[in-house]
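Have a look at this one before I ask anything.
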Amino acid sequence: MTSLIKSYGKGLTGLFVGLTAIWIVLMILVPTLRMVDRAFIYEDRGGEVAMLALEIDRLYTEKFSLEQELLVLDAAETPSTDSVGVPSVGVPSVGAGLPSPSLTPSPSAAPSPPVPSVGVPSVGVPSPGAGGTPRDRTALEGRIATLEGRIATLEAQETDGSEIKGVETSYSLRNFTDMSAIHVEIFLMTLLYALCVTLLCFVVCYPVAYAAASMPTAEKLTLMMVGLVIPYAINELLRIFSWVMILEKQGILNWVFDAVGLIDFEAGEGIRFVASNGAVFTVMVYAYILFMVFPIYNTIDTLDRNQIEAARDLGASTWRIHFRVVIPHAKPGIAVGSIMTFMLSAGSIAVPEIVGRGLHPDWFSQLIYRRFFEADSWYEGSAYSLALLVACVIFILANMAIFKVGIRDIAK
Amino acid sequence: MAMRGQDVVLSQVSMTFPNGFTAVQPMDLTIRAGEFFSILGPSGCGKTTILRMISGFLDTSTGSVRIGGEEMTGIGPNKRPTALIFQNLALFPLMTVWENVAFGLEARGVAKDARRRRAEELLDLVALKGQEDKKPTELSGGQRQRVAVARALAVEPAVLLLDEPLSALDLKLRQHMRAELKAIQRKTGVTFIYITHDQGEALTMSDRVAVMNEGRLEQVGTGDEIYNAPASPFVATFVGEQNRVPGQVAEVEAGYARIDTPFGPMRGRRTEALSVGDQVTLFFRPERATITDQPADAMNVIDGTVARRDLEGPFINLFLKADDRTFAVHLTNAGDAGRDLDGAQKIAFSCADALIMADGAVAKEAAQ
Amino acid sequence: MTTLDTASAPKPGTTPRASVVTAKRETDWSNALLNAYLVIFFAYMFLPLIFMVIAAFNASPTPSVTDWQGFTLRWFQELPYDERFVQGLFNSILIAFGVIAIAIPLGLSGALILTRLQSGASTFLYTVLVSPILMPGIVLGVTTMIFWRDFFNVQAGLFTAMVAQACFIASYCMLLFMARLQRQDRVLEEAALDLGASPVMVFRRITLPFLMPTIVTGSVIAFLQSIENYNTTFFAIGGSYTLVTEIGSRMRFGLSPMINAIGVIFVFITVAGAVTYVLMQRRRDRKAKG
């Protein structure tokens, strides 16, 4: 600290320290800690209040279907009243009767969709009798009245309850332990795919980086660099888009297949590549490959060419030169490239959203998105984000251990 | 050039770095106003640390620095009446020559016109008229040197601190700049404190020289005193060349001592108290010894064999082997002295030219 | 290890010349392989982009290369009339300037502190300050969104998107500044201080001019990064949109040649930028030589 004051004086040091503190506190640490905090808060949607809400929902639904039956009876009695129109929308709207929309169980949380009724009046439920008997009518009306009574009491309870408690929250690990098997599988598959993308990118990139670093003339190197920078600088989405055009059902790849007679385009044949994990994988390799090239190039570039000459002079084979001389030297670059590629692909939302169009099994990033914006469950979303973050941190640490590089070598 | 030098007084100043290394042992040193003062020592002896404590870049661990009678503790480098010329000159590469020179005035809030005028005057003083609007990189080494001097003088410092500023120049230019610096110092009357490991620079330019070793002052005195009457084995060996003969005190006389050596008894001056039996070293300089067949005295003679003979223009340097030691003798290249010397020879030197001191640290290598 | 020994020690029978020839033949062979590989690699990199560009000029209402229905500029002409694209572009630029205004001072402060801080805390501080780069973009978007809503009741929108982007772009800027500061001659600052300059003046007259080139490159990079960003923005922007998130959401609902047209504009700007950069570099090199 004194060295800082010595360099910049008290005023400027205060300014720099203040700005950095703002950056760390308001933009990095506290937001991350808040997310971690939320990840361990369990929102008790299955708790008393939420159960009430579910129960009220269920009663409304039941009441609605009874009313439908009643209407059918009416229709049968007075044919002039057409079955269409009257009750169609509106009536059973799920949230309308509830005090707070946020209590609405999300579609994913509720086991059955609470709107089973829309189809009922139009199709027409086959009535038990051709004409309803008065006995049926009275019974139905009676049941409806009972239901209304129960709903009223429950709603009263709920209003009291929500004033006192709201949705119960408590610290627990349940956001993680409650993660459904499918979500865990998606999480693991995402990491596995990201790992494969990383490995494949490395295999594809290494020769390119090596070639760039051993370009004989400055002109050739410039040309090569321009060739690498242009696709790198073009927006991620556009890179993805260009591949969607290829993989579409009416896309270029199918056209090529048609041309070689593999499929018949005219007959409407065509392989739907886009909605597969394979397509997501392919596009990801394309989209993030250049994050691998540049770090590796940078490190190989610092290798003294004489070392390679010396190794070759000693009779080492090309393979041996690479495994014993070039790759060990390029370690920090490989570590950086791997970390960037892994992090980008594991956290990619653009590729699965656009290539997959939601038609293929989820990517973990999409799950996070849905937790936040569709299920409106920020606690679970935080837990999912934290899981992803921890996975990336573990990957970074593993990389540092494997390649024996420090944090200062990594971020350059 | 209305400038005036001020004195610099260090009392019990020391410097210990946070890692525990003591660069400067507590020392007292007074540098007089208007003096050209050099601090001479091998690299790592602490001389640059002293300079940085005087200029204010380092806080003293103990003791105080006073300039012109004023206590400097707690005063930053930008508030002290000193100006520093850095080893690599540290000219601002993005500014023109005149902006460089006028930078100190800009810091003092002087208006632009006045700054420019003053910069021109100073550039005139260092013979750089007409180079005002160039960038430092467009100048030669010697010219850059002069810009640095002009820039330092622009703030009218009472003390100018120079940190080996000539070390990057070649020999010819270095010698030229020595004379120029000396002339500027005379003209301005500013106190110059000059750090160097080059004894030639220290001896030729300075009014007084301090010799430092391992954070300690070994000796402070005029060039003559340092060279002719070194106060310690270190000074004796660091400044100029010395032949060394190990021995044991046999007899102590007033101002002199007699010792027994592997080459027989010898006699030389002494400056410190010695007692019989002390382990001592006798020093004599190569240029004070002669080769002779008839030594005037039986003492102070070494029998050796000529091993090498180097002709160095005005001198002939002879290297003679005796036992497993080599002794150097520099003969003036006059007449046919030393022309055909080889084989067994006698080295002789007078008692007045020999100095006997108790064993102590000697310089690992002599200053250039 | 035995293979290494036989390989490295020339056999007594073979002359050194022969081994050089063998090595050379192997080099030629692997070079040819490498060149072939490069051709395939660059085809892989560029063909999709070329298809995209071609389709932008195809009159077919779904972007296609194979089904050519005639040359048209229609998709370009329609762009300025698409309100959401125009508004998105405006939002993008607004955010980008905000990001520059935040990221440059933050990155500079961090770099200045890290290069001067002489303590064990510096590695920790460094780790914290580069962590936004190493964090997945969506996590950064999520944390920013949560933080601003929970603590300041600011809903996700252009502001949170800007803050989230600035957070990691500032890290990039910091790395740029640190690289530059490591090449700084610290003595220059001392010299200025010694000549009586206040720390503020030293910073203004010595440090800042030295950092100017990096401030310019940093701003350009920050601008581009901000405009291009999708992952972080997608989470942090809430109901609002930028050009890129708008493109993204349209792509999800099907392909439109208008996106190809935007793509062509991006490609054109990128190529022009790259070429200008190379030409400037050349001129600078020639200047340095001459």
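By letter and in written order, the chains are A, B and C; residue numbering begins at 1 in each of them.
Here is the rule we go by: a residue touches a chain if its C-beta (ideal position, glycine included) is under 8 Å from a C-beta of that chain, and two chains touch if they have at least 3 such contacts.
Since we're looking at a predicted model, the values are computed, not measured.
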Report task. With chains as vertices and touches as edges, which is it: line, ring, star, complete or other? Result -> line
Report task. Please find which chain has its CA centre nearest to the centre of all protein CA atoms in view. Result -> C
Requested in this report: Please identify which chain has its centre, taken as the mean of its CA atoms, farthest from the centre of subunit B.
Outcome: A
Report summary line: Cα centroid separation, subunit B vs subunit C, in Å, comes to 55
Query - Averaged-CA centre spacing for the pair subunit C and subunit A, given as whole angstrom - result: 24
Requested in this report: Give, as an integer number of Å, the spacing between the C-alpha centres of subunit B and subunit A.
Outcome: 73
Query raised in the report: At which residue positions does subunit A touch at least two other chains?
Result: none
Report summary line: Among all residues of subunit B, those touching at least two other chains are none
Report summary line: Where subunit C touches two or more other chains at once, the residues are 198
Requested in this report: Over in the complex, which subunit C residues touch subunit A? Could you list them?
Outcome: 4, 7-10, 19, 23, 26-27, 30, 34, 37-38, 41-42, 44-46, 48-49, 51-52, 55, 62-67, 105-106, 108-110, 112-113, 116-118, 123, 126-139, 142-147, 150-151, 163, 166-167, 170-171, 175, 179, 189, 198-200, 202-203, 224, 228, 230-231, 234-235, 244, 247-248, 251-252, 255, 259-260, 262-263, 266-267, 270-271, 273-275, 278, 281
Report task. In the complex, go through subunit C and note every residue touching subunit B. Result -> 185, 187-188, 190-198, 201, 205-206, 209-210
Report task. Spell out the residues on subunit A that touch subunit C in their complex, using ranges where they run on. Result -> 1, 3-4, 7-9, 11-12, 15-17, 19-20, 22-24, 26-32, 34-35, 38, 204, 207-208, 210-211, 222, 226-231, 233-246, 248, 250, 252, 255, 286, 289, 312-318, 320, 339, 343-344, 346-350, 353-354, 357-358, 365, 368-369, 372, 378, 381-382, 385, 388-389, 392, 396, 407-408, 410-412
Query raised in the report: What part of subunit B is in contact with subunit C in the complex they form?
Result: 55-57, 76-79, 82-84, 86, 88, 90, 92-94, 103-104, 106-108, 151-152, 154-155
